[in-house]
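Order of writing sets the labels: A, B and C. Residues in every chain begin at 1.
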Amino acid sequence: MYSVVVEHIYLLVIVTLISVLQNAFFALKVEKEGNSKNIPTSVFERVRCANRNCMDAYPTFLAVMWCAGLCLNQAPAAFAGIIYLVVRQKYFVGYMGQTSQSTPGYMFGKRVLFFLFSMCIVGIFNYLLVHYYGSDYKEYVETITGAASALLLIP
Amino acid sequence: MYSVVVEHIYLLVIVTLISVLQNAFFALKVEKEGNSKNIPTSVFERVRCANRNCMDAYPTFLAVMWCAGLCLNQAPAAFAGIIYLVVRQKYFVGYMGQTSQSTPGYMFGKRVLFFLFSMCIVGIFNYLLVHYYGSDYKEYVETITGAASALLLIP
Amino acid sequence: MYSVVVEHIYLLVIVTLISVLQNAFFALKVEKEGNSKNIPTSVFERVRCANRNCMDAYPTFLAVMWCAGLCLNQAPAAFAGIIYLVVRQKYFVGYMGQTSQSTPGYMFGKRVLFFLFSMCIVGIFNYLLVHYYGSDYKEYVETITGAASALLLIP
């Protein structure tokens, strides 16, 4: 039973593990800044704030990615998850930048989350269609989703 | 294999998606208040604090709802999840109210979380009974749970 | 279908429920300190900060524990989860201690999280081996993991 389950989620697990590594990197940054005595407080505040914003959005991201992966297909969901992690890394680094007036906003990765959100809706819609009408569009939908996920690379 | 899984979780996925939408609404509120220059700081602080409190409780809520839905039955769990989201919306709006002395406390939705928590315990207990004694009370339990979830509507 | 699923996750669900209870305990502490008027602000700040740090790490912990439990075996994952909760309780209590210079750092439970992380990687690696080569090391791995989880008890 296990290998059946793992077969359908292992890409999601890998992306989750990478995100955990990134969380650990962020937390180490915060701990390092908090321990060093001779840095200005504003830097610590900024790192802490960037970490907070990332952590605030983390459960939302995990929930949407896993729902999208379970409802439709894991490959595009994991790909979008990787993109999200790259965006988050950029956000975190950008937040720590020297020019304090150019701090990015509170939210980031809206497009990726929106894509994953649409994947969930399409997956549920497809399930309901199959359940009540018996026609299965899943293969077409998966092909389209796989193609659409490449669009996320466009900056 | 997918449609079997999706059949048992699609209501939970829908509630999760609604909660994600609500999170996005909260985050947009925070971003809007943070960007506007001519508002007093206290309003921004209040919105930020309300958002923090909601985000603090969010992983707990997700974990309990999914466990309850997986262990027992998805319909009452999803219904309780909807109630929780309504309570959270009220909490957020009430936190932003003008009268600062009437700010609600740190916790909210205790009753809903307690209900979901009981569902998990009943589900596990039922599984252990079935596993060791072979009698299956699941149908009775599900009927009772479905009826009990209506009690959450009583204010 | 349900009892098959519940059979493989019920220990994880139990640990999740215990962690939810602990979250509620932390939140009650914060609410109690926030409501009482005659305590110094520093105590409230410290409780709030301890709660924040715990909540920041909570989704990461949940994700890693569930991935480890799903990919490899639930028993060692649940055992490591229990250890993590004990460490977290110690951290929270230690954070509220009187001697403010001995506040623990931002991170805690690194060893447990690292163990769960390794479990995930071993599980996925094992799945890929089985998938491409057809040999199944899962039983050996599970035995070794069960033995290794006892090492977490060494302080």
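By definition in this document, a residue touches a chain if its C-beta (ideal position, glycine included) is under 8 Å from a C-beta of that chain, and two chains touch if they have at least 3 such contacts.
Not measured: the values here are computed from a predicted model.
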| item | value |
| --- | --- |
| Copy pair chain B, chain C: interface residue numbering same or different (half cut) | different |
| Degree value of the rotation bringing chain A onto chain B, based on Cα positions, nearest 5 | 120 |
| Where chain B and chain C are represented by their mean Cα positions, the distance between them in whole Å | 21 |
| Overlap residues in chain B, where contacts from two or more other chains coincide | 59 |
| In the complex with chain C, residue positions of chain B that touch it | 4, 8, 56-57, 59-60, 63-64, 67, 70-71, 105-107, 113, 117, 120-121, 123-124, 127-128, 130-131, 138 |
| In the complex with chain A, residue positions of chain B that touch it | 1-3, 5-7, 9-10, 13-14, 16-17, 19-20, 23-24, 27-28, 30-31, 34-35, 51-52, 55, 58-59, 62 |
